[in-house]
Amino acid sequence: MKTTAKHQSLGSAGRGITYLILTLWSLMVLFPVWTMVINSFKKRLDIYKDPFGLPSIWSFDSYLAVLKGHQFGRYFFNSILITVLSLALILLLGSLASYAIARWNSKLSRWLYAFMIAGMMIPIRIGSIPLLRMINEMGLMNSLFSLLPIYVAMGIPVAVLVLTQFIRDIPIEMTEAALIDGAKPRQIYYKIVLKLIQPAMASVAIYNLVPIWNDLWFPLIFINKESQKTVILGVTTLFGQYQTDWSRILAVLTLASLPILLLYLAMSRQFVEGLTAGAVKG
Amino acid sequence: MKKGFLSLWILLVMITIGTFFSCSKENDEAAAEKKNEVEKVALRMGSWRMDDVAQMEAVLAEFTKTHPGIEILFQPTNPPDYNATLRLQLESGTGPDIMYARSYATGIQLFEDGYLSDLSSLSGLDTTYSEGNQAPWMTKDGKNFAIPFTAVSHGVFYNKDIFKELGLSIPESWSDFLSVCKTIKAAGYIPVANSLGDEWDINEVVFMNLAPNFIGGREGRLAYDEGKTPFNDKKVVALFQAMASLAPYLPEGFEALTYNDSNALFATGQAAMYFDGSWTLGTFSDVDFDWGVFAPPAPDGQKVHYICFHPDAGMAINSSTKYPEEAKIFLEWLGSPEGAQVLAENLPMGMFPMSNIAVEIEDPHAKEFLSLNDGRQLDVRWAWPELLGGDPSGYNLMMEGSIGVITGRITPKQAADNLQEGLAKWYPPAQKW
Amino acid sequence: MQRYIEGRSQPFSWFLYILPALLVYLIFLAYPLFSSMLTSFMTGNHAQIQTFVGFDNYVRLFTEEELSTRYFSAFRNTVVFFAIHMLVQNVLGMLFANFLQNKHLKGRKFYQTIIFIPATLAIIVTGYLWKLILNPQWGAFNLILKALGSEHANFPWLGTPGVSLVVISLVSSWQWVGIPTMFFISALGNIPDELYEAAAISGASPWQVFTNIKLPLILPTVGVVSTLTFVNNFNAFDVVFAMENVNGAPDYSTDILGTFFYRTGIAGQHPIGIPDRGMGAAVATVTFVVLIIGVALIRRITVKRDEV
């Protein structure tokens, strides 16, 4: 369990430096975010005249323009749809596989486990060229759903890693009782295992949520139809080279960041647990 | 357990089917509609003009008014990504039905790979468009792969108020131009707003803007392109030298400023001059000073002056479109008097129509830009007709040369030599030297 | 015993549980990797890769003038990119973890939350933000420098070869600092109290505590963090795309393996834009081999002998 580290030997100077560094860093983090948000409320040319101050006139023009035109509602919907679907499938497939691996003691299952978690170290982008061909042949080119199998494949190694360990830790007694009552493995899975591994499922979901939502690469190479783009890809669509409206871009950036940022601020503990899942063996 | 499994597989199958449905929904809908009374089809138009969405949608809406069964959706892509993106789409069969076509090699390549329809037999082609205008979108053996759509011009935007304040007049020769820059800089303004952050800017809009004046326009260019002169002769060196001499007059930190920053510097009155193309005319419509455009200066003592008037976009049809007839109707409409009028009224400012039909240009600045053509000869951007392909492409060599001499990393002579040596690696006329 | 407790031994049924995940994993992760290697031995036009050319693509990649110059330059840049991440991102992460581990630190939760924020944003977002901040004319950073009277006030950070790569690496490190921080907090938290007490008794300084107790015990985590950094950096693309362009401007100085791969195999070189898929696959395969070697090396250094 967590320890209490006593560093009284630091002294006040040491503590002072600690606070100084942490505060400086916090400024370094908050400042760009601040710049992004306040400038999204300025008129286009005002930003050039005064990039840091609060807007003299709070203009919602950019937000209105973004939300009305350019199909941004569509981009958001697409991102949410694909993220939720991907996470659902990752958790479903991952937990089923983990349950089997955890409970099925054999050389084959151990081998499959090692095989599937090896993928953690493999960046899926490396296979982009064959993936392009495959997605094309499956008729999914330019479709939002081209991303689905990719994200699921991406998420399975960690899901299997984390969930298997977690399921292994479920005391035998809990399932034993059910078995004695004549339950089949499938029922055990639904009624007991799924409930017990919820914290781990949350970790896996969060671990995959951020890279899926923020992914640029695959939408960039698969999708060009406006109606199928995700939010992050939509952001680059606005980076048109000629005549870019800074205020509008920043409104877009702010809107694109808001979902995950808000989610994070609301659930920061789970986020941290989720993102370090599977890395440090407790 | 088998049942749990079954539901899982059913779920997966459903998702897969759902996928296919969502992909082909558009076509099914269109096909279903076709069976009804009013044939309503929706075509997609690809383009790199992200900024023209409003204008193009107006044009396309006018078209649909007179052709109620055909709707065209304008779906542009980011300019630097357009070529690569278009290719990916065409290869995977998901390309747009109609698309903007880049002139010369880029477009020819697409046609030769079979992605564009042959438009040589489009009705009214030869009467609507002059041969010179058709040329950028024709293959070597005379097939049209796109119809001319818009051309752009290049010049130097200038802040009339600053010029008046400093008592300056429009420079005609290059040394006049440099002394104007000096005066402006001494007065505390930025002489030239251009920057290197978006590399294509210095290449397409400064180097190739000045090139016709320095290399002798069309004839001069042909001499190089056909191998009659090497690419590193003294005229080219002089051109790179001219580029290098701009360096002290660019904004502070120009190496990292972007195209938009340069626009903003001019638009906020901090910079007095700005090399750019006619497509930017619209950006400056709401600035608070008086401005105009002048033609790029020529080497001292040169009698004939040139303007870089460049055929920018053609309109092509996807060879595997499901609506070839409708697409053809649209293209023919573009060349008709009604279409030309709609274009003249709605085309973004600074994009000039290329049909023979005389139309009245309303905007005074656009008129001014076009009037620069009077008394001057025209030519296209140097790299476009012959030097785009190949590795290293003439485009990249010119770009790297421009950036290199402005930042002082290489001398103008070295830049010219690099151009010649690089082209000689693959371009037969250059290999003669 | 479990096998007999939970139903009869039905390996086939268990296998069916694993099958869907296995299939997706095989088809979309494992197979493309393998297929990429196969494609690297071919060449051909556009979408149809047909002609077998053996190791020709690799030979060209390493020896043909245009290609190899670009490739090795991209490789070198990626190594620099990685080095800066190790030195900045991971060292800072370690530092912050040490600070935040102290339960008596005021505002501990607050700092922890803040440190992690950039990692939740898309790199496109942060890359573009920093581009604005570093703008020589209007950027915050340069305005602050001007206020301080520095002569570098209008310096083009992203327009100077050499400097731009460092800047981009720093921005990327800034982005991801939260991740090693969290990993190390977790790892440090697992060190038993008694060790600290023993150190306090023997009068060890904080630095000695760090080098003799913390570092050795969290070495495996250092390995994991290094591996993740390594793998991510060698595939990085987004940050250069956001802050410069796919060519790695200025002058290819920010061209890293990710952008090189994109230009070669996916999008092709501007302006014509015709990719060479076989060559792209070769680049991907070489990267994969480099990754394997790198990860193996890191494991060698950081995993305790008895834990292998």
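Couple of notes before you dig in:
Order as written gives the chain letters A, B and C; numbering starts at 1 within each chain.
We take it that a residue touches a chain if its C-beta (ideal position, glycine included) is under 8 Å from a C-beta of that chain, and two chains touch if they have at least 3 such contacts.
Just so we're clear, the structure is a prediction, and the values are computed from it rather than from any experiment.
If chain B is left out, the remaining chains stay linked by touch in one piece. Chain centres were defined as the mean of their Cα atoms; on that basis the chain farthest from chain C turns out to be B. Centre-to-centre, using mean CA coordinates, chain B is 37 Å away from chain C. The mean-CA centres of chain A and chain C are about 16 angstrom from one another, to the nearest whole unit. Note: centroid distance chain A to chain B, computed from Cα atoms, is 39 Å.
Residues of chain C found to touch two or more other chains are 13, 20, 47, 137-138, 266-267. For chain A, the set of residues that touch two or more other chains comprises 48, 96, 132, 136, 184-185, 221, 236, 239, 246. Multi-chain contact residues of chain B, defined as those touching 2 or more other chains: 1, 8, 80, 85, 88, 91-92, 198, 200. Here chain B touches chain C in the complex through residues 1, 5, 8-9, 12, 80-81, 83-88, 91-92, 102, 105-106, 109, 113, 196-200, 251-257, 261, 265, 388-389, 391-393, 395-396, 400, 403, 409, going by the rule given at the top.
Contacts from chain A toward chain B in the complex involve residues 45, 48-49, 85, 92, 96, 132, 136, 139-145, 148, 184-186, 189-190, 221, 224-226, 236-244, 246.
If you check the complex, the residues on chain C that touch chain A are 2-3, 5-7, 11, 13-15, 17-18, 20-22, 24-25, 27-33, 35-36, 39, 47, 92, 95-96, 99, 101-103, 105-107, 111-126, 128-130, 132-133, 137-140, 143, 174, 179, 182-183, 186-193, 196-197, 200, 205-206, 221, 224, 227, 231-232, 234-235, 237-238, 241, 258, 261, 265-267, 277, 280-281, 284-285, 287-288, 291, 295.
Chain contact summary for the complex, chain C toward chain B: residues 13, 16, 20, 45-47, 66, 134-138, 142, 154-160, 164, 245-247, 249-251, 266-275. In the complex of the two chains, the chain A residues touching chain C come out as 2-7, 9-10, 14, 18-19, 21-22, 25-26, 28-33, 35-36, 47-48, 51-52, 89, 93-94, 96-97, 99-101, 103-106, 108-109, 112, 116, 119, 121-134, 136, 149-150, 152-154, 156-157, 159-160, 172, 175-176, 179, 184-185, 188, 210, 213-214, 216-217, 221, 232, 235-236, 239, 246, 249, 253, 256-257, 260-261, 264-265, 268, 271-272, 275-276, 279-280, 282.
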